[in-house]
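Same chain, two partners: chain A is paired with chain B first, then with chain C.
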Partner chain A sequence: MYATEEALRHKPGFGQTLREWIFTIDHKRIGILYLIGSLAAFAVAGLMALLIRIELGSLGPTLTSNPGTYNVWLYFHGAAMILAFQIPALTGFLANYLVPLMIGARDMAFPRLNALSLWLYWAGIILALLTFVIPDPPDVMWTGYPPYSLKTGGNTAFYVFTVHLMGFSSIVGGINLLTTIFYMRAPGLKLNKLNIFVWSTMGAFVLQLVFIPVLAAAVTTLLFDKYLGTHFYDPANGGDVLLYQNLFWFYSHPAVYVILLPTIGMIFDIVATFAKNRVFNYNMVVYGGIGGVVLMSGEVWIHHLFTSGMPDWIRIGMMISTLLISIPVGLLMIGLLGTLYRGAIQYTTPMLYAVGFIFLFLIGGLTGIPNAMTAIDLYIHDTHFVVAHFHYVMAVATTFAIFGSVYYLFPKMTGRMYSETLGKIGFFILFAGVNITFFTMFIVGFKGMPRRYYDYQQFPQLEGLHHIITIGAYIIGIAALLILISWIHGLIAGKKAPDNPWGSKSLEWTTSTPPPPGNFRELPILTEEWHPYGYGRSK
Partner chain B sequence: MNEAFAYAERGAPGQIPDVPGGWDHLFGEMLIDITIIGILFTVITVYLLIRYRRREQGQEGNPPRLTTAAAIGWAIIPAFIFMADDFYLAAEGWTLFNEYRRVPENAYEVKVEGSMWSWHFIYPEGVESFGELRVPAGTPVVVRMTSKDVVHSFFIPDFRVKQDMMPGRMTYLWFYPKAPGEHLITCAEYCGLMHSGMKGMIKVVSQDEFNNWIETEKKNNNT
Partner chain C sequence: MNEYAVEHEISGHEPHWETSPWPLVLSMAMLFVFPFAFSLYFVYGKPIMAILSLGIGIPLTVLSVAGWISEGVGQTREPGYSVKAMPFFIVAEAFIFVAFFVGYWVMRLSASSWPPAGTPEIALTVPIIMTIVLVSSSFTIHLSEQKMEHGDRGGFLMWLIVTIILGTLFLGLSMNEYSHLFAEGFNFKTNAYSTAFFSITGFHASHVFVGIAMFICILIPALMGKMSKSFVKSASMYWHFVDIIWFFVVTQVYFWS
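Take a look at the complex of A and B:
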């Protein structure tokens, strides 16, 4: 506990010097530094998305006449959005900031390890950003399939080392978070009184610890093949191309749930707070929903390989297991809707984002069913239909949850309120933008347009639809700017926030705003009656 | 192993199943299925969002108390409803998938080699062609494929088929061109600089025309 004592020796209030931030071992500051990093990654990767869309907005070369440049944009957009924005924003920023507060702990179990995980992540971001500086940037997409990643003149090593750094960061963070949740809960905080977000973070980190080593093996052998002359993926020397795809998706499908679980956990917390209602059927949500997703996540990866040439029997098996994922996910949806039932819903900006999430996730989840069906997938695999599906279910839905969470925690983190008007305008424009973009993308994909195309001379009839998608992308860009402005406005001109502006019963709102080093003046002692969602008990 | 799955086959042996038709039918059915679920959830959500909005400052929810039986029921019953729908769809998908994978007996076999960024077709008569695959109308065609360099994907949107090709492995797909016409082939697996330009054409011609073409090509090769 030395580190915690050191944290307590800091003077109360937020220090202003850079040194204090860089050497911080306070979980709240580490969380905020994670947030800054992930928003920076989001900004650059989002800009790449806009460039991609402008390029595809009309037939023929638009922005660049070099498809290689376009491929680097695609690579950076995918890799940075997943590895540097979504996973760190959820399991870095939110988990770090919220979990110790939610469980009534003074800090994480290993604060110095926490700082290590943060700076590994920042090293990963810098390595990823070097893509735009080095003469031979990686162009292997975020999947890095061999033999292309071995034959390309692009620098596959940058891709591999970025994955390594992010992976190390996640493993270190995972061990830390799990230890914290198991050993540092406030007295009286039983496991069945944890916030759904804490449960979902636990699930996400179990998946990270189990599956990241597999990804590390996949990309490391890629590195060996390319630079040291081994033959893991070289069929001419007894290697196998499909081995990589199996290893890669054996991690990367569970990674989808690493993203989904904290997302939906956060949505549960936001919905319960603003509906002032208990989470509906808590045990079903935790054990059926989160537990079910964790258990099933490792048995479905072949659906990414439906057209790759895997044996028929495993394609049928994993079609069924993929379809069955709808059971835990459906239970989570029922839990969310049940939490609205007989609530008293207050429509603040974070709640609007949560509602937006429900609709986006519904569309994304349901369009996953055609993708899960092997026979249907033989046509829509690797088309824009799949791109639209995973943007709805993972990319956009999760981004809504992250933005909603930033608004939700804004008063706690900064001590100031954001402007509801600005926040709501940003939300509605963003919601319109993503639907224009990604719903149109379903149609383009259904008409046969493959993904990762620089141009589409063979589909000239789709130019009009592509034009609409690009307009949607501009709208998303405007919304993102407005959201950023609303945060900066809140930071500078926001009213002073009370300790508990949302009237939440959860522990993170019981401490002062912003929370002091060590989180609580006195550690909370929880009574038998206390529950993070203990609303409406008096009646 | 693949034979173990053959019993779900539909139709009499020797009959050529209509795979694109089956795909369109199943996709339509699924679209109805997910639209119904989607509308159901949307209506419920919108109702809850409007009905239970906060009416006064400081109001709290009035959550129902679930008995143990109700709590278990709310988990088990929806789980079984979802599972029933899953298995229904899985059964239909399985049937169609078998049609995709069972090559009709009298299929005409063409080999194709992908390379960055073109297709190389090799016909059983020894004739070769680049970029354009000529096949006779009225005969199912099976394409056996491999790649010289990186992973490509042989995608024919009109026939609703797609299959990756890669070095070191042989994969296949089959399709049934009923009438003369032209169908696009386009690459669906990222393969570098000219990925989006890696396209080809399937030219379906009458059996006579096809035979003539093969004969001419053979003569050209010999001279």
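Take a look at the complex of A and C:
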């Protein structure tokens, strides 16, 4: 069943190693290749963010006097951060790496399809990077609203196909993962003993399967309208511009939960491990929290369109449903806090990121409430207040969870320990940087700064605050570099990691470090008493 | 549920770092077939380059699909997971159609008069014939599946080939109808109805095409003596789905006017 010791000791040559990596169909290696791609996307998109902030740092044209160039930066920043960094890091890297290990399976149900979704994603990255090379690059933000996206001279087709490649990659991955979770669990692993992360991944992929096709249809019709001359979004010929906004946000609001669910699931696992505590209210978290978010996520999208000319009865209804979705999200938060309560907490780097996540997510969540209320939203819609809100709640909080998970899994993935000191320094600088940047952005937004403006001659009094935001952006950049250095340092100079450095009860830590092909020496058979969070109360 | 895991464990093989080049080749081929060819033709107006891009992409696609199948058919252990996975894919596919239909309904229900000006009389006999062809192909693939279950290889192959022929006939009828409509000046650009008509029927036709491609991917290895029952079952499930969608297309786009 298991590779012989002799086979393991045999060292493959460089060419063979490279072939084994590039053509791999093993879920752990695919996961790591996903991580590399998403971190690369994060780096480039982060650079775009820095360019955007330098441009806004002072009044008047700073880096460019061409608003079109600014639009391309915004396009790349938004599209790459969401489609090429967050979703792949969560549903590509973490789900691929962890789910088969957590459910005690040898691999995914379809290893080749798994590789296909990886390389489709990479094809999407290639397409996104070509933005910088091709003439007339796409400049339609990550939303691609018509009529601008139809009238612009930019290459909207590249935007559409990037979405298609990433979307198809997610759908293929989703089918694969759901089949794996349903049919490949180790004997004795009942559904109510799954890690929260596995549950939340399941929820995220159910959302992907249902909602991505709608986005695919929306951008496809955009393509038809622009290049084949159909009239979906042409009011002069019976089309409807708002139709696109509805279809787009019908996917893209649930996409927020696609990002949120695995994030919070991972945070649950980290918190339970380092608080050495069972997950508080497991059933309520799974069925009420994750299940509730999945069920309600498709009924709130109009809150993105409060100023788009919706009838009042829809706006009021969607305001209520938006406020109601804070109940399942609240259950998840209560679960997290309850898990911390009376735990034996160790503040390692991953735990710091988890706690940081809770704080940032709380700020993001609370500032979501005024955004959800139609009357207030009419005033703050399309201002920097909204930008700050969604950066807190999905950009920054999620990035904290992703970095935390990379630290958490670092020993398992690489077989080496990272340096706690370097990790903690990186964390605190990042934490300071994001709060300086995005909290100031709330204030700027509330004072009326609109989003997507490349200059703000009308608001000269905001220049000081914009300076502060730009300084914060630099601090984030420095922190990102430090974090990267801490990983490289760990890879090169880290101590050898034991199989279970964190003392976790979860299945992925029972195999050797790093896990061999086939994951487990013998397929785990789980007893009645076993539970991934089975830490005794007495500890 | 878990008996699957256990069964595969018994027939499992020595774990090593498994590799396959085909997923990588297929994804890169997709880049040439769709984004590059489309952009070169429609955005940058370079038809020769677009054909060149297709000339790279299509052979690579065929090669990688063939390579993939020859690897996969030999390795898949029965009962395979593909039958379990196909329902998930069908859910995703169904929602694309939902979105297209929503687009159609929005345009239709907000229109002052329907069909809009410029719409020719669309003959209803053609869609009836197409319905008959597609429904009977659903029966033939079911027969083929049953023959396979009973171990009747000849019957299985025969009904599979009949299904492929019926599917191709359906596509031929569809193309024929399109060319007649084009000749009458009814094309993508005409009006809101033509927009919905060609996108929905065209999108459905592309699914028929994918279904036929799946059957060919089953037929060729089967003729060479290799086959996987789960592939056949899941392809047939997909075909039934395409058939069901056609009922919506026919009632909504052709008959409701």
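In this text, the second predicted complex is superposed on the first by the 520 of 539 C-alpha atoms of A that agree within 3 Å, B and C clash if a C-alpha of one lies under 4 Å from a C-alpha of the other, contacts with A are read in each partner's own complex, and residues count from 1 in each chain.
Please note the rule applied: contacts are C-beta pairs under 8 Å (C-beta built on N, C-alpha and C of every residue); 3 or more make two chains touch, one makes a residue touch a chain.
All values derive from a computational prediction rather than experimental measurement.
Q: With the two complexes superposed on chain A, say which partner A:Ser308 touches: chain B (first), chain C (second), both, or neither.
A: A:Ser308 contacts chain B only, not chain C.
Q: Identify the partner contact of A:Asp240: answer first if only chain B is touched, second if only chain C is, both if each is, neither if none is.
A: In the superposition, A:Asp240 touches chain B and chain C alike.
Q: Touch check for A:Pro370: first (chain B), second (chain C), both, or neither?
A: First partner only, chain B.
Q: With the touch criterion stated at the top, can you tell me which chain A residues are shared between the chain B interface and the chain C interface?
A: The answer is residues 239-240 of chain A.
Q: Mind listing the chain B positions that touch chain A in their complex?
A: Its residues touching chain A are 1-2, 4-5, 22-23, 26-27, 30-31, 33-34, 37-38, 41-42, 44-45, 48-49, 52-55, 58-64, 66, 71, 74-75, 78-79, 82-83, 85-87, 89-90, 93-94, 96-97, 99-101, 149-151, 153, 155, 157, 160-164, 166-169, 171, 184, 186-197, 199.
Q: Considering only the defined contacts, which chain A positions touch chain B in the complex?
A: Those in contact with chain B are residues 67-68, 71, 139, 141, 145-148, 151-152, 235-236, 239-242, 275-278, 280-281, 283-284, 288, 307-309, 311-313, 315-316, 319-320, 323-324, 326-327, 330-331, 333-334, 337-338, 340-347, 355, 358-359, 362-363, 366-367, 369-370, 373-376, 378-379, 381-383, 447-448, 450-458, 503, 535-536, 538-539.
Q: Mind pulling up the chain C residues that touch chain A in the complex?
A: These residues of chain C touch chain A: 1-2, 4-6, 8-9, 12, 14-24, 26-28, 30-31, 34-35, 38-39, 42-44, 68, 71-72, 81-82, 84-85, 88-89, 91-96, 98-100, 102-103, 106-107, 110-111, 116, 188-189, 191-192, 194-195, 198-199.
Q: Could you pull out which chain A residues touch chain C in their complex?
A: Against chain C, the touching part of chain A is residues 1-3, 7, 19-20, 22-26, 29, 105-106, 109-113, 115-116, 118-120, 122-123, 126-127, 134-136, 155, 157-158, 161-162, 164-165, 171, 174-176, 178-179, 182-189, 209-214, 216-218, 221, 223-224, 227-232, 237-240, 243, 247, 516-519, 523.
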